[in-house]
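Each of the two complexes below includes subunit A, the first together with subunit B, the second together with subunit C.
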Partner chain A sequence: MKPASSPAVRTIRRKKWIGRNDLMGFAFVSPLVAGILAFAVYPMVSALYLSFQQTSGASLAGKWVGLSNYNYVFNDPIFWKSLYNTFYMGVLSVVFGIFVSFVLASMINSLKGTRSKNLFKGIYFLPNVVSAVASTLLFSFLFFPTNQGLLNFVLGLFHIPPVGWFTDPKFSRISIVLMSMWGALGYNTIIFIAGLQSVPRDLYEAAEVDGANGLRKWRHITIPYMRPIFVFMIVLGTIGSMKRFTDVWLIGGTAGNPGGTLLTSVLYIYRNAFLAGQMGLATAASYLLFLVILIMTVLMLKLNRKKDSFD
Partner chain B sequence: MLMALLVAGSIVMIVPLVWMLSTSFDWSARLEIGFPPRFWPEEPSLKNYQAAFTNVPMLKYIFNSLVVGAGVIVVSVISALLSGYALSKIRFRGSNLVLVMALSTIMIPFEMTMIPQFLLFSKLHLTDSYVAFYLPALNYAFGTFLAKAFFDQLPSSLREAGVIDGAHEFTVFGKIYFPLCTPVVATLVILLFLGVWNDLLWPLLVLKSASKFTIQLGLAMFTYNSGINRFPSIIMAATMVSLVPVILVYLFLQRYIIESIALTGIKQ
Partner chain C sequence: MKKWMLLIMVVTTVLSLAACSSGTNSASDAAPAVKKVSDMSGTVRVALAGWQLDNGIDPLTGSNSIGLNQFLNETFKKMYPNIKLEISQVPWENAKAKQYSMLLSNEVDVMYTGGAYATQFYQEGLLRNIDDLIAGDKTFDPSIYLDGVWNNSYSTKSLDKKHQYGIPAVLGRRMTIYDKKLFDDWGVAPLSDAATPEDILNAALKMTGKNPKTGEQNYGLYWEGNSLNASMLVGLTLAFGAKGAEGSLSDMKHVKWELNSPEMVKVFEWVKKAAPLAPPGFVNGQGAENFGLAKNDIAIGIDQSGGATMSDFQSSKDTTLLDRFDTAMNIGPKGESWVAVDPFVMAKNAKDVQASWEVMKFLSGYETQKHNYQYFASTPTLKNPDFILPEDKYVKEALKIADLGHSELMDEANPFYLSDIVPAFNGFASQAAKGNAPDIQTYLDDLQKRAVNWSNNLK
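For the complex of A and B:
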């Protein structure tokens, strides 16, 4: 900026600047702000309003019924079943997914050559670009309930009788977890590798001086140092798994077959809103789901802060 | 030992795709999956692809997805760049409020707002139209943060010099800063393309006529209606076609994609 000669001139110029700035700033953020207001704030408010209404069909003209939608959802065993199924698959995929991808990331990160590192990153990440629809179609044949399915064929080589992966209620949820792990593994691994590379080298060097071996360094330096990334991944994974819809809808339809084991919360919301036309009921359920996600996220972040000792 | 484990894992990751590729060329698997499983088609032919293209208007769906993707990308990138620039370089009154608003709404899951959004578009008679994709694309707070972080690294002196010389803010943005944005635009375009191409739920809610289906919706409806376990090799051929664009993008831009995932940590 050109130096202003006197303080008076400077203040005048600055005042003018602020006015111009404000106007320009508003103009530049207006697309985003319009988007947020119309497609985030308005829907949240409208959903809250709708959740106190009884509606039929897609028309918004409903009548005020107070808390009765929430009451209904709370006493609907199907809602609880859907929440249970969602949690069941969510916990398994977060726990297994993070464990396996962290081990994988540690293995890839310990490779010497950059080229082999990049090669494995590329291979493990590939399924991540495959859409949920495509991987569900692929796995419906891969997990075919007879020996024709590739997985059952391989098991047959070890004399294990064919498993009805997507048709047996005992296995259906595990199969979904396995399938989504195939898709998500590479994504988690990439983030873990980025985290592993941020661990300061001098920590390892100090540990080596004290005579620590590879596994102990991993246990006592790497894992504690990576804790924020673990928390981030757990939060992200939990939120993601609470939103499960596409794969279970394609496999089990809106009934969540087999035996209702694949009925998830979003499927519950979807079928109440778009099959039964109960928009009010569905938004009440979606608010409850949102609260569950919010509470879990806050709890996990709190837990992380409390134990924050490694810095 | 380490290498052996990694290679074994890689095989597990790749085998499903290879199996799908080979089955998609195997005419003998059109009614039932072949037994024993094979990785080379027993009856190699392109007939599955022919059948897929005649039963499912794949080209139409792909074209539709490209149209939707292009629109969403243009709207989202413009919204993200403009707001990111304003929040980083024009420190205007209320910019903190906008930041807080963007931060607090970014965590709202789409599933939470999909019903009111659907009702909003049906009230406006905009369902079954791609406007229902383009308008919500304005709300891309994640892209705003990415763009803001990018602009934060660029020097502010460029703007100050331009403004003092009397240049309009849009000129400064368009002539000085925008040409420097290639890396962040590339990241946004890749993430948005993969997101739009692979999305199913919103198209399922708003698109009614089959001629407007996106590729995922078309593929899903075809198998949903004909039974998910029927016509293995034809379904696999159709699925392979739906994968071609993303696999191509992945092959050419693999390094960018992996870098932007590692950088951002959040996939849209």
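For the complex of A and C:
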């Protein structure tokens, strides 16, 4: 039974609540909180307000139009097409990217010497330091649609006709997936290696005693133990891939060439904001994209929690 | 052994330094004779879209170029020693968005930007009229600029033509250029000076395939298929009489769209036939890396500048390529098309107006235009650009095309043109290149519907 607190106890509690240390703490965090309020919360609220306005050009002062911008975007087939493209490239990038980097991380982690481990970590991390612009330019030459491109030159050696990597709507999105996998490989691999090193050794030793081979240990110990890291990578990867802009913009321009296959949601937002000067419309599209990302993230986290309780 | 290694290292270092040092274009060669003009003081923040600030090397020809910083040190800073310049460089790819932000946050006083961007900035009240500055400055002479550009360009004048807000600094250079050697190889008659889109298509059809003399793959024509402003579309709409829209840029709510007219269908039919004749990379702006140079494999280039050929000539003094790559105006009815005029403008809230005015005048004036032509092949906006090389037929052609220039609703000053029409055009061309062009009338009906919805959403 909960004892009734006397006034003296309440005073002590109040004193504790606003103790000197607490005040000091608040004072120390206040610059950060002010920064967050000014540079994260205020722009978000301001953008939400803007999404209900009809604006012209860069001017942020417009007239209140209620849900009209949302209605326009919602009924715009190009917005849905852009969302489909974003999903298509995003899901494939995340799924294949995580699979390949996990396999690589497992292989690197199983190496005996520290030097060889560090060498491979360095090699695979290298693309991570290359900017999106530089890697896009690099891949534009690598994926050049005639035999002058390296990849098509190699295919030519096997008498395979040149592939329009970035120029053929059938291949363009897959080519972007390959490029983004290359870019994200290093970061993903390093995170996985860190996770792999945290798996308790005694679990492996117990499994060895039971006669488990390397593959079974990987399947039944490593993968289940790494699940929180998989969730982290999937959530982060999904959010990142839903914001794809720089590479598709540099390759396909505002059209998302070829044939609009590289038109992503952020490119759609950019077109409306900075080319058409419709800031209200663009922020409405941004909020719709934000909702989609939020729903996906919540779903992924929920699914992971269910699995936890089942375990 | 160690001495030998040291010797090798010293020799290598000396050779490297010698190789890296400037050749003929020393600083003193480039510097015009200047003297102090004024003691005026102040700080001016300048944002330049696409300018090269540092000295560099032309990637195609290897010739040296002197960047803006050195040029200003040798000129403006001697003329106005007390005016401090804070210069930021903005890449063209994202210039509009970045310069918008700079204007909104009062981070800039003077700007060089795209002509259509300037129009939109002015329409939105972000730029300052300069009528009072011109009237109060006897040293400024507007008559040095091309009359048509000074009087008629919406890039420098308000839409009602009552106010001046910009000074023209660089003229767009877009023309049809064709390779006479490939025409000879294929036995095709050269293009006339004002070749129509049909002439171009007919010639290009004959020259796509294996070159009968060299056996190499040739492409009939090229344009940049992911262009941000699809300037070729402007020429095509003029050529086929497709207005696209009627009304005024100052009242986009009431623009009457005509994007699915029979004339516009003809434009897209032309593109449907032309796209398969271009190198496959054109949909991503690739494939014309050698156009204007000896290794070229494209017969006709639309909206070209001749820059590569002129760079080659300036470094080698060999006129072979100049003779080989000839011009044929542009593809509008009289050889015209959209002529970009990129101006210097002043921000509405410029901190120090007088100092900004001096900077703006200088950067759009004779000496700077001469410098930009000499090192960056920029086309001047001056009536008497006496620094143009006699061999430079491309600038002369560009000035002829500029004389015919006129403003249309179907160009990048129109926000829906940039945000939706250009992507629709580029997207169509990329599908046509693969032989999968959508039904033209349905495609344009859809675009028309989008345009009407877009305007309605503004009301």
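Just so we're on the same page, the second predicted complex is superposed on the first by the 279 of 311 C-alpha atoms of A that agree within 3 Å, B and C clash if a C-alpha of one lies under 4 Å from a C-alpha of the other, contacts with A are read in each partner's own complex, and residues count from 1 in each chain.
Throughout what follows, a contact is a pair of C-beta atoms (placed from the backbone, for glycine too) under 8 Å apart; a residue touches a chain by one contact, two chains touch by 3 or more.
Because the structure is predicted, anything quoted here is derived from the model rather than measured.
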Superposed partners subunit B and subunit C on subunit A - clash or fit: clash
Between subunit B and subunit C, more extensive residue contact with subunit A: B
Which superposed partner A:Leu138 touches (first subunit B, second subunit C, both, neither): first
First (subunit B), second (subunit C), both or neither touched by A:Phe274: both
Partner chain(s) touched by A:Gly122 [first = subunit B, second = subunit C, both, neither]: first
Subunit B versus subunit C as contact partner of A:Asp168, first or second or both or neither: second
Partner chain(s) touched by A:Gly259 [first = subunit B, second = subunit C, both, neither]: second
Contacts of A:Trp182 with subunit B and subunit C, given as first, second, both or neither: first
Touching partner for A:Ile251 - first (subunit B), second (subunit C), both, neither: both
When the two complexes are fitted on chain A, the stretch of subunit C hitting subunit B, from 57-65, 309-317 or 327-335: 57-65
Residues of subunit A at both interfaces, subunit B in one complex, subunit C in the other: 58, 60, 140, 144, 250-251, 253, 273-274
Residue ranges of subunit A touching subunit C (in the complex, touch as defined): 54, 56-60, 68-69, 72, 76, 78, 140, 144-146, 162, 164, 166-169, 249-260, 263, 270-278, 281
Subunit B contact footprint on subunit A (complex, rising order): 1-2, 18, 21-29, 31-36, 38-44, 46-47, 50, 58, 60, 104, 107-108, 110-111, 118, 120-127, 129-134, 136-142, 144, 147-150, 153, 182, 185-187, 190-191, 193-194, 232, 236, 239, 242-243, 245-246, 250-251, 253, 266, 269, 273-274, 279, 282-283, 286-287, 289-290, 293, 297
Contact footprint of subunit A on subunit B as seen in their complex: 2, 5-6, 9-10, 13-17, 19-20, 23, 32-37, 75, 78-80, 82-83, 85-87, 90-95, 98, 101-102, 105, 107-113, 115-120, 122-123, 135-141, 144, 160, 164, 169, 173, 194, 197-198, 200-201, 205, 216, 219-220, 223-224, 228-229, 232, 235-236, 239, 242-243, 246-247, 249-250, 254-255, 257-258, 261-263, 265-267
Residues of subunit C defined as touching subunit A within the complex: 93, 96-97, 100, 103-104, 120-121, 123-126, 217, 225-228, 279-281, 283-287, 415-416, 418-420, 422-427, 430-431, 433-434, 436, 450, 453-454, 457-458
